[in-house]
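Each of the two complexes below includes chain A, the first together with chain B, the second together with chain C.
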Partner chain A sequence: MSGISIPQPTRPWQRKRREQIRSGATFTAMAILAFIVVLFTGFAGFDGWAISLFIISAIVLLIKGRKLSQKERKNAFIQLLIASAATLAFLPWLSIFASVAMKGIAGLRINFITSDMRTTVPDDEMNMGGALHAIVGSFMMVIIASIITLPLGILSGVYLTEIKGRFTFLVRFVVQSMSGVPSIVAGLFVFTTYVSATHGPTAFGGALALGILMLPTVARTSEEVLKLVPDELRSAGYALGARQWRTTLMVVLPTVRSGLTTVAVLGVARVIGETAPLLLTAGSSTALRFNPIHGQIASLPIYVFGLLQIGTEYAVNRAWTGALVLMIFVFGLFITARKVGGKDKR
Partner chain B sequence: MKASTVSQRIESEGKIMSNTSAVLEMPEQSFAGLETRGVHAWFGNHHALSDVSLQFPARTVTGLIGPSGCGKSTFLRLLNRMHEFIPSAAMAGEVLLHGQDIYGEGVDAAAIRLKVGMVFQKPNPFPAMTIRENVVSGLKLAHIKIDNEDDLVENCLSRAGLWKEVKDRLNASGGSLSGGQQQRLCIARSLAVEPEVLLMDEPCSALDPGSTLRIEETIKELAEKITVVIVTHNMQQASRVSDYCAFFLSDGGPGALVEADQTRKMFTNPNDSRTADYVQGKFG
Partner chain C sequence: MTIAPPIKREMHVVHSRGDKVFRGIVTAGAMTSLIILGLIGAFLFGRGAQVFSQYGLKFITGTNWSASTEPGIANEFGMGPMLVGTIIVSIIALTFTVPMSIAGALFIEFYAQPRVKKILTALLDLAAAIPSLIFGLWGIQVFTNIGQRWASLLGNRLGFIPIFNTISDNYGRSPFVAGCVLASLIVPITTSVAREVYSRTPRELIDTCYALGGTKWGAIKTVVLPFGKSGVVGGAMLGLGRALGETVAVYLVLNLNFRYTFKILESEGGNVASLIATRFGEASTEELTALIAAGFVLFLMTLGVNMIASAIVTRTTRT
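Up next is the complex of A and B:
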């Protein structure tokens, strides 16, 4: 067609492949060296390995640093510090996840999510019984709590950012102090006001307690999210002759749809692992139940708690698997929120 | 619109004239319905605008010119009650729409803004809506029933000079357009509610010359049906699009109206020497 030869697209701002391989090789060598140090000295375990790796990379940096300029040396040192700090922050999360996964994975069979504990005692083999009742109970309570809390929380956010009424200060103060309420206090409150006034612990009671804990998170995060809406959009709505509530409903809230999804997920993630308030308000059960206003109901945290207290081998194994399932749910929620949020940004 | 029709209209409708203290009477039949009488504006203790009396003849373009900080944007926002969204804002005087004070007791600000639309300096289409939804958003927001949405969308986008460019992607997001297209989308959005007056606050300041020219053509076409008030820093733009001009100036104190007249006269033979200096680019 034309005489112009199209050049190969390149990325000159990236490091050369050779350099990448070299730094990768250096890191591997350092990691192996650190492992050898762990084998032959008093340092032990993963922590020892990490500490030796840090010391070795600092030494390597010092040796390499002789060739570099003052500025480059400083840069490399700060990079090492930041990378180590980031790893350090990541380690607790990784070790929690790893230990729960390792101890729980053995019990993660099909029967664990398809059957309840009605005909199984905790000491039975892991191929019998499961946590279906606890999973259903947890979901039921979280869904009821969300139905009650999300509208309330988002409306408080709207009050704080859109209406800015006379009680803004008061609402913000109450929300802030509510987020400091110990979860057991929320449980006690629902216990005295609802549970003891009706027929004892129920899913609805549990949902109320979870809702109290969820509300401040939802209100605060939705305020933050709504603050992100540029004032120009509100002005545009008003300039078209819209009333405030129409502008809020049709312009402001849809603009932060993805943010509000994240708000919901954060709220759910905040309470799905709560144990203490459910002890008082939801009780526990070994059977799959669906009635939210009658009878005690199981939940994943209480399931884990109860089995750990029994303390026998299979019971503890079941507890670990329950914890793993709970963690998978929380991660699943975050991933879903990311997906939904991403789709929104066209 | 042909140039001859513009000048004919100017002759037939007489001229607006005013200075900081007095308004010259205009022939009654030519008066369009938007008028300010002794308008002041404050932000907290800061007196931003002092004693502006102006009339905006029907189906004309009035340009508000003047250096930064002279209060012309503030004045524009007073005309459709957008001023009051600034918490410390205050005002005095009367803004009459069809003889009725829009700041009078019991007047519904939202209803006023429906009649007096506004296009902002920065294009602000609703990011969560498609192009089509953006156009009809004003009607949806104000609970107005739409008889034929397709026709309305085409009509408004055509009048804003955007139809040909977007007719195949009406369901794309408003944010996917270029800056100039977004601004024309905002104009189309303002037109959909059929305002009597359209206020434009430096609508072209963030746009390239091509888009600016397109919007200026749009403004001239709009003036066949509605009254346009436009704030601009661009003297060429003011001389190109406006029939009347009002020059604002602040001499350290509150901004005030220096002179208002037909654009031709303002640019060739203004009464006030400061106007002459400004339009010739000697200051500001």
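Up next is the complex of A and C:
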């Protein structure tokens, strides 16, 4: 049975290996050239390098494209423009990830998550004191906020997908607009209604403010999740003689159980880094506290914020480490949400 | 003999008692967001009303914000410079954000290879989740150096244009630098809306462009950009709403000063949210009322922008 060759799928549009190597080499050459420009001219720093790289690529494009038509040349030039602008858009985040990771890791000792700042001043060495009180405070507030907000947000989602009553448009519109309420305004609202009427800033006050900010996210994402439930399941429920409430509670909601977990996690990730409302409603503290309705309480964002206000070298280092821990929490929650949310689609 | 045309049968849904209770509870739950939004407006207005009636329009246009602890001296509250400063910083941010978001969305959707596209989409989601505090931290500790260099370049070369004119040589903590930090904060929001809209462009139209001999840019210019125009406007408005109300990122970077200033490179500017955060700690009862009134103005402003934005986005992304 020799001589018969099985045709393999080909990809004629794919760039050849030689072309890839050549374009890679061109890019490297241009990057080195740009570096030389930085060394010998007034362009300084990373941004100077990027600008000279851009100019050099434009010149190379002009030389390479001299045989092409006007239209092709314009196309290539705009491709360069879009790629550069897109890089410019993505660079800040990469810079943030890199600087938080590098500057934060320097101060990350075990005591950072096991002790508080009760006996430590911010200027002490990094092996003293920590952010345990802030981490505990943050989690306490986020949990209280979730307990209050999750049911309300999920009810909004159920309303939008199951009941579809008269106010569907209104509810959707209000949820959308509410997601734009500035966080400090939410803080001011809780301050005027709750904090100033009681004994001043508490964890519960902070949790209320966070809950307000969390509600639109929870409502919107739970609507998205509930939309994934196929109508056949609802019809099947009704066909078995179940009322709407039973169908919703025993068929629809259990179907998207993992999706609703995603909703909760995304809601928490949305608010765990909020700083401004907590300034007004939760205050700050240097010691580990557990009482949610009495006394000010620390939180991770306020911890970082306060240290930045102090501004001395060790304080800023601590702030970076706090920011790293905060980022780890946010991204951890985010990745959890993706992992759990992926289960429903299977 | 004529046959009577069919008559549409009237249908009545009669809910059982259990269902009525269930629907009542769910509707009440869904109404909470409406109620909270109403309460926010009502309470802030109620607590700030005294200031509005006392100062009238001067609260919006006045330039002096002084709270005295001495009983004899009268307080004066005018948030004009802060309001103007907020708008200036937001406009600077939008000037950078809009082109970068359009380019970023086009790049992800039409230029990037599948693997790169996947990575960039995930990165976009992650970036939208970075707390604004971290943008502020990065802004003051890392970006200010670069921003200052750009600002001094602008000031030296284009100083003859009034807004780029500077008196001192200090470019840090200026509206320009704050606007740049704010831009990096809202780019994820606008880019993901723009990407969403661009991805809905009918594939046949793009293929038609190619079939007619058009280049990629030709297809983008004639099909994708017009198709996504209103979506991009909506995304930019969402970003604007976020920029107007942003507190810590601006607070950490911008140097607050009570003076009308349109010189964006000078190290002074205004921002309503930062004003509230700055003065709140040591405010007297009367100043607190004024701060709450300022919060109400901010609330109205962002709510207006957001309502327009969400109306546009809902219309364009719902098919």
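List of remarks:
Rule of thumb we're sticking to: the second predicted complex is superposed on the first by the 259 of 346 C-alpha atoms of A that agree within 3 Å, B and C clash if a C-alpha of one lies under 4 Å from a C-alpha of the other, contacts with A are read in each partner's own complex, and residues count from 1 in each chain.
Note that a contact is a pair of C-beta atoms (placed from the backbone, for glycine too) under 8 Å apart; a residue touches a chain by one contact, two chains touch by 3 or more.
Quick caveat, the model's predicted, so the values are computed rather than measured.
Contact with chain C, but none with chain B, is seen for A:Ile272 once the two complexes are overlaid on the shared chain. When the shared chain is aligned, chain B and chain C each come close enough to touch A:Arg243.
With both structures placed on the common chain, the touch criterion links A:Thr41 to neither chain B nor chain C.
Look at A:Gln20: by the touch rule set out above, it reaches neither chain B nor chain C. Taking chain B and chain C in turn and counting the residues of chain A each one touches, the greater count comes from C. Of the two partner chains placed around the shared chain by superposition, chain B is the only one that A:Val251 touches, whereas chain C remains out of contact. Touch criterion met: A:Glu232 reaches chain B, while chain C stays clear of it.
In the superposition on chain A, A:Ala89 makes contact with chain C only, not with chain B. After overlaying the two complexes on the shared chain, residue contacts for A:Lys74 are found with chain C alone; chain B is out of touch. When both complexes are aligned on chain A by C-alpha atoms, chain A residues 243, 246 touch chain B in the first and chain C in the second. Chain A makes touch with chain B in their complex at residues 230, 232-233, 235-243, 246-247, 250-251, 254-255, 257, 344, 346. The touching residues of chain A, when paired with chain C in their complex, are 44-47, 71-72, 74-75, 78-79, 81-86, 88-90, 92-93, 95-96, 99-100, 103, 151-152, 154-156, 158-160, 162-163, 165, 167, 170-186, 188-189, 192-193, 212, 215-216, 219, 243-246, 248, 269-270, 272-276, 279-280, 301, 304-305, 308, 316, 319-320, 323, 326-327, 330-331, 334. For chain B in complex with chain A, the touching residues are 80, 82, 85, 110-115, 117-118, 120, 122, 124, 126-129, 137-138, 140-143, 173, 175-176, 186, 189-190, 193. Touching chain A in their complex are the following residues of chain C: 15-16, 18-19, 21-23, 25-34, 36-37, 39-40, 43-44, 47, 99-101, 103-104, 106-108, 111, 120, 123, 125-127, 129-138, 140-143, 146, 149-150, 184, 187-188, 191, 215-218, 238, 241-242, 244-248, 251-252, 273, 276-277, 280-281, 291-292, 295, 298-299, 302-303, 305-307, 309-311, 313-314.
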